[in-house]
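Here come two complexes built around chain A, the first alongside chain B, the second alongside chain C.
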Partner chain A sequence: MNSQSQRRKNFKIEAFKHKVELDPKYAERTWKVLEHAIHEIYNNNASRLSFEELYRSAYNMVLHKYGDKLYTGLVATMTSHLNKIAKSIESAQGGLFLEKLNHKWADHNKALQMIRDILMYMDRSYVPTSHKTPVHELGLNLWRDHIIHSTNIQARLQDTLLDLIQRERTGDVINRGLMRNITKMLMDLGSSVYQDDFEKPFLDVSASFYSGESQQFIVCCDCGSYLKKAERRLNEEMERVSHYLDAKTEVKITSVVEREMIANHMQRLVHMDNSGLVNMLMDDKYDDLSRMYSLFKRVPEGLSTIRDVMTSYLRERGRVLVTDTERLKDPVEFVQCLLNEKDKHDKIISTAFNNDKTFQNALNSSFEYFINLNNRSPEFISLYLDDKLRKGLKGASEEEVEVVLDKVMMLFRYLQEKDVFEKYYKQHLAKRLLSGKTVSDDAERSMIVKLKTECGYQFTSKLEGMFTDMKTSEDTMLDFYAKQSAELGDGPTLAVQILTTGSWPTQPTAACNLPPEILTVCEKFRTYYLGTHSGRRLTWQTNMGTADIKATFGKGHKHELNVSTYQMCVLMLFNSADGLTYREIEQATEIPALDLKRCLQSLACVKGKNVLRKEPMSKDISEEDVFYFNDKFTSKFVKVKIGTVVAQKESEPEKQETRQRVEEDRKPQIEAAIVRIMKSRRVLDHNSIVAEVTKQLQLRFLPNPVVIKKRIESLIEREFLERDKADRKLYRYLA
Partner chain B sequence: MASRDRVRFNVGGQLFETTSTTLANAGRESMLGALLDESWNPGQPEYFIDRNPACFSTLLDLLRTGALHIPSNVPEKLLYREALYYGLLDHVRGAKWGPFDGNTLRLADSVPGRAPGDGTAIRAAPDGGCCVAHGSMVHVYNWMLEERRPISLDYQQVNDVGYIDANSIVITARERLGKGDGGMAVFSAATGELRHRFRVEHGRQPKSFTAGALSLACPDDHHIFSSCKGRLNEYGIGVWDHNTGQQVDFFYEHPGCSLGDADKLQWLPSKNCLMVATLFPRTDNCFIGLLDFRDKSIPWCWSDAGITVNLEDKRVLHAIAMEDGHSICVINQYDDLGFIDLRAGNTNSAGTGVRWSSRSKLMNQKVPYEESCYPKLATHNGQLFSCMNDSISVFSGSEHVLTSTLRRSYGGSICDFSIGGDRLFALHNEENVFDVWESPPCPII
Partner chain C sequence: MMSKLGRGQKDKVQQFMAITGASEKVALQALKASDWHLEGAFDIFYSQPQIRAVTDTRHLEELYKRYRDPDVDMILVEGISLLCNDLQVDPQDIVMLVLSWHMKAATMCEFSRQEFIGGLQSLGVDSIPKLREKLPSLRNELRDEHKFREIYNFAFSWAREKGQKPLALDTALGMWRLLFSEKHWPLVEHWCQFLQVRHNKAISRDTWSQLLEFVKTIDPQLSNYDEEGAWPYLIDEFVEYLTENGIVPSRK
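Presenting the complex of A and B:
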């Protein structure tokens, strides 16, 4: 009233007020109504409240600028309720504590929802403009500050939760639903509350628990059962997370278990006596290996630990295998052993190690390492194939053949000296073809195709040439007999195989003296062949032929003898003589001494096939021996095959010879590589040349740097290259 | 079942009957949603609401049909107030105008201002509101076009404004000599309060600077770019993170390309580059370049230095990168559009790279009168917009065919326009008026 009279004195014209200020008493009264409603909501007495009236009251307070009063009143009322709730939770005894907390939390949430409904208008207009916390968030913050972080609850809550988990770990059954609600509450209060008040201590306690447990297990368990226990613990923790923890905790708790139970004991586990990795590999413990793989995979360096141990084990085992002199006696068994070894470990990798590429690589590199420790491996692999292609694959289906060939190819890939293999393979193939011993043409061709895919056209062109020669020879012989049959009469039948020089591993040998009957036919064939092909030269390779001869022994026993050409020559001599000395035979046939001895050995010294009799009786042939036609020879077979005593494996001098030939063959290849490289690079230093040559040739063999150096020197002599005048380490290409 | 679904209201004495299905359209976060929630003893025969029945009727109709029809006897502002009471304001806004299409725009409103000088810039807010910069003031309007509290950066000359989100406005202002003011800051759109001031640091020393053109990067990396002029070496483009408020980068001006005076900045997400255009009349020669902040390089630039000799020549007066990021569209003083291909390597050589498309419109156009403004360009959803004198042209399709012209009879030439929140705002040079253009909601049939 007073102010009004003053204004009148000043004759001031007052602007018309649009908004009529709300009576402060009315604001107080309205707040009291709302405060009462909040009390009733907390006391579960909301059924008598009118939402519309309360909403309108809150609206009016905000509209008339009493938002501040409303908000501070709300904070004070909620705080006093929460303090009361805190008291009641604190008073809960023992196990009821969590139940009470959960119960009150549910009540608070429900109340908060209703309070927010009433104050929705405030939330929408007053809160954003005055930068206040929205009602729902405010309710959660107050709960956090006055309940969860109150001194009497915070530590007790944490201890209770950790204790329950500990009890569950030791086998008790706990109320997982309640745990779920409480952890959910902590997450609702913000991820930092969940982390600080629960997750961090949980991880710490877990770490010390598993550290202790793993110490205990490692002392009293073998590797396999330790891993089983670790796996079970890991699964338990993951299950725990899925039941009542935040999904984000899974990575953290599993990494704790992984660290404490696996990473910290990795070395001890793999090397455990009598049950470690090596034992598992030896005994094909697929389950244990698979468990170790999946557990170790989870920790850093885990798989490499397994891989390293496996590699050194494989190398050692392989080294023993390939250097075992007992094994070297039988090449076929030697290679079969390697294949079995490969199969065994392939199966381990595929069943237990998830076909892990890095493990396959480790296996391959180990094989590569030890196969090349023995320089006879290329020969043995070829011999193994020879054995399989001669008889081993008889009756096998096409698929089975393929499987065997593929496996051998796998070993072939490990070889560094592929050219040595080629050399042997050619020799063995030649023998198979000429003696007609191959089981199946398809299998032979399939092998050639595989080698071609692996090493290229160059590698197999000569091998393929051998097949072509065989085919051409067959046609030639048909033609020969068609045209000449009239002249030939009923002399011995001749089958000639015309071998292209270069394609076959032939050695220039002094031709032996053939029996006159044979010589006549041979001459006829020569005339025929040179008549149809001009400009060719025929050389008889008597060391490689075979013959079927009919022989009549005492009491009229008739036998058909399958012998080599040399043997045939020897036997034919006995048509006109009953006994001959070694010297006489040698003179008559002119067969090289070594071959003659072998051939006589097989005719006279093999039990059951001794068509000749030797005096004196002994195993070896000496130059003073005398040979007689063995009249008493009998056999239950009409056809008798007299094999040559051939060393399956090469003898030491032969081996040297082959090696020398390989070395000779390598020279032009190395030189060609050097020239190719220098042609494109013009100038290069010594070490780079060696590196590039090695790279170019490694598909065929591993060239020796010393040999490369010699080849470079030879090329310099022949003026393909020159040394740089300033820098002696540099070479220049001379065009 | 049917009767249980039925809900009766007595609003200010008038009876309404509807279904809970219809009311469910209001959502749980509305007053009606809470009223029917099971925590508040629902199932009463009738709910009383002490509010205006006419507005309730309109809003109930909105919930039933999704369309807004305001009867002539209901003032719009009253309806908005009631919608706010029920928590249905977002529903109303969503139904008031349709999805933006430059070819269906209708003039929805003209809002007069009271600023003393020429307008500087107008910007559309993401929610349909806008702000207008006049001299040293920025007037802010919500989507109902009610004016909020104006904002200013110490009453400095405002150079540019932009919305970070519907509730945050960033302002760049000129520095007054000798005072550490000017620069760049974020304000609350609702209250006009200063939230944060961005600093430029040079050699770890905060520097006073003039901030010019603004650009926001794509929403996910929170970067703001602004051209900056300090008194020492702080010429160039500054980059700030608007979440942390900290300066994160600075691109110092290279010789021969003026960045500190740039008229237009635009972030090109497809190129991971910022387009900077410095144009006539601020500089004599136009410079357009793409800045790569990762290695501080300018992978592409264009300039007309050397080809414009007198004022009659075609001059690039505004530039905008097209939405596909393949070309830049430019405009000259005759309202001709031109395109520069961004893929054609560096076209630094004498600005020959512009493909001008002369428009027949130019022939019968009246000579620009004295109070003309420089033309501006904008793009939206594949359409291209240009303002010249008192009209805005809309170009559609990949060939940019002129399809619509927006013109109004008063207010003089348009000095700036902006598209956002499905609305187009055009600020006129005279009478401080700005127009609001909307695409009407789709017709029922």
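Presenting the complex of A and C:
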């Protein structure tokens, strides 16, 4: 060898020059060796083989271009073994079938591994160049073709697997480990094998199983129980997958269960008599509702089905509530019911429906719908607040007050006619302030802040003005008495509240004849006030005042009566007469008829407050009645309250009047909106104006399109707008 | 006449006549009115084709004197009555409305001097016979779509009481009956009845002018009436009234 000489020069590696000649007979012999080895491997006799020798044999065969022979030989050998194995599996009885298959599969894999190792050189060089399947994969394919897809095994395998699952579904315990191995085997053979040989039939069979089961359940179960069962089955299937099926099957089997047990029966479940969604809602069945929500969430249209049924249920329930004439007799009760409804359903949504926003929205839209069905809702909500602020919240902590006010604000937001509410709130607030009957100033102010945040400064500026007037009046009275104490002497004590017109609700003032003692001191006040505030005008609001009178009844019983100004005027007449007819009283006081009748009724017809006696003793006041001072009046209280200046539900004619005033107030607001819009847009078509105006005013009320049209025409007449000459549907702003 | 003109002016007259083909008299009129500016004179000439006929101002003054009220420098009711008599025309005849329109009369039942003389001048007439001859063509103007609209809208301000913005209902009803017998509208009586029963107040200008559009575009059976059509609310109510009373087919 030249190595020595080469060592001195450059180090070069050369190919084997020593060629080993392989004649065909040698190839055949080598193959036989390998063939024998494969047999031994399959017969579990591999330990006696020499890996190195076998590897070299295979290597030589490939090297000398006998790769074909090796490969085809391999195929044939493996195939014949597999056929034998197939027969052995087929012969297994009953439960042993699957076990045998599993066992043989494990063996096959071991064998395959060894064979592959031996033939590795072929795998790496011959196989790629001749585009043959690599050994391992070949082994799997052959297993697939000769075992799994063999006529006697294929169907039996599928049936066995499905049968076991069926048994497990009906309560039996099965060998899950074995199942897992089998399904894993199928996956190893290729996902299409798993799908075609197992998964698809599994899903079909499951579908008919659950279809059947759901039909069964639905006739004998109530909704809650059915849903429990469905949930259980769903969990079972998921567990099944995690234990012995491929992970990708999970979503497929769950959608089968969802479809068969839930989607196909949605309507029937939701509308089930006595146990469906509506019953659950009525009875606050949080668990059932929560279950329904999470199950229905899985299927298309599931949640929207629940939502739609809930919405129509709420709307109907609400509609019944707001049109129930019995309940409408007590406005405070009415609003309390609304609040209770809201609380109840809020709780359901947060507990059972996962605070789902779409459900919240459905709740809001339902409330908005039915609250506005009754056009007295704004009035009633204000009366509720009045009740709370006058006495209901007495002794409540600051947090409790906030909670109540916030809840009422939620109802307020649903009102379409917020301007009607404003009108009533103003009236009621005025009465509370003037009669000094408010639970807490802080609560009142807190309410105003909430309204301001919701509706803006304009909504509350007048209300705030009312508070200011009260404070200023206090200061004025102190000053008045400080300066005038000498002159006033023994006269009646006056407490004046000076109200700025415009901030306070306008009432048409009908003056009445005040008793002379009162008149004197009032005039003194007027002089004083106008002395310090020139250019102002004072008008006594006799329909809003109160008075405390000391009265002495028979047997010397003294009482202090708290009455309205009108009542005072009437009572003072009895200082100079024991009995008076209705007409005499009317003439002397000049109080308007409706008010006078109400006033006399409260003085003569109410048990425990009848400081006057009426003949005849009927409940109603007629113009022929005669009134006497009731000497025999008694009361266990020293101070008796007979005043009627408390906010109450309006009578029909009063309601009509208020509504008319609201309509009148809306006209300028609509016009202002139109002018604002046209000023910025310059040219706009009719429908767009209507839409824009509605949008701008919706925080206060919903404008009527006909009224908008009339306002536009009025603005045209006054030359603020004109119609476009070419397109009569277009309006132009005239600067 | 020509002899009193300066050289430059004579040239202009010649030029004018050559270009427009008008007579010397007309040329002089136009040039005088435009203060001897040729361009201005062309403008005047071409914008007033009626002035091809020359009116004699003296005749017009005479005519005015005939009808004018003895105490006020206006033609009042009696004068108009006389005028109608001379023209052999009923004072209620719609042609008087057309005539008033030409005169740009401010208020019905009176003509100012300017209105009377200016109006007749614009018509190119200066005598009663000539005016009488013109009457048929005035009547014809009502057939013209554009002119009818102008006359119709003119009638609103003309028929109004002085100092009032809207038109009194009775007057409006009368005018409508008059106008819509010329341009036939089958619903005019229903409209008038509806207004008396349901509205009973004066009519705004917008309602007045929009009514004509309504008459022109919407067929009497209301098949193409559109609630979203931005019609004045009175017209919307009228449609309701017709439907309620079965005068037109139900709209549902």
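The definition used in the following text is that the second predicted complex is superposed on the first by the 616 of 735 C-alpha atoms of A that agree within 3 Å, B and C clash if a C-alpha of one lies under 4 Å from a C-alpha of the other, contacts with A are read in each partner's own complex, and residues count from 1 in each chain.
What we mean here is this: contacts are C-beta pairs under 8 Å (C-beta built on N, C-alpha and C of every residue); 3 or more make two chains touch, one makes a residue touch a chain.
Nothing here was measured: the structure is a model prediction, and the numbers come from that model.
Peer 1: With the two structures laid over each other on chain A, which partner does A:Arg723 touch: chain B (first), chain C (second), both, or neither?
Peer 2: Once the two structures are laid over each other on A, A:Arg723 reaches chain C alone.
Peer 1: Just chain B (first), just chain C (second), both, or neither: which does A:Gln698 touch?
Peer 2: Once the two structures are laid over each other on A, A:Gln698 reaches no partner at all.
Peer 1: So in the superposed three-chain picture, is A:Thr129 touching just chain B, just chain C, both, or none of them (first/second/both/neither)?
Peer 2: first
Peer 1: Should A:Ser461 be classified as contacting the first partner (chain B), the second (chain C), both, or neither?
Peer 2: A:Ser461: touches no partner chain.
Peer 1: Thinking of the overlay built on chain A, is A:Ser304 touched by chain B (first), by chain C (second), by both, or by neither?
Peer 2: Touch status of A:Ser304: no partner.
Peer 1: Let me test your reading of the model: by the given contact rule, A:Ser312 touches which partner, first (chain B), second (chain C), both or neither?
Peer 2: Neither partner.
Peer 1: Mind telling me which of the two, chain B or chain C, contacts the most residues of chain A?
Peer 2: Ranking chain B and chain C by residues of chain A touched puts B first.
Peer 1: Once the complexes are superposed, what residues of chain A are shared between the chain B interface and the chain C interface?
Peer 2: Overlap of chain B and chain C footprints on chain A: empty.
Peer 1: How about chain B: which of its residues touch chain A in the complex?
Peer 2: That would be residues 29-31, 34-35, 37, 39-41, 47-50, 84-85, 87, 167, 190-191 of chain B.
Peer 1: For the complex, which residues does chain A have touching chain B?
Peer 2: Chain A reaches chain B through residues 46-47, 49, 51-52, 55-56, 59, 110, 113-114, 117, 120-121, 124-125, 128-129.
Peer 1: Okay, in this complex, where on chain C does chain A touch?
Peer 2: Chain C reaches chain A through residues 165-166, 204-207, 210, 213, 228-230, 232-233, 236.
Peer 1: Hey, which residues of chain A end up touching chain C in the complex?
Peer 2: Interface residues on the chain A side: 685-687, 706, 709-710, 713, 716-717, 723, 728-729.
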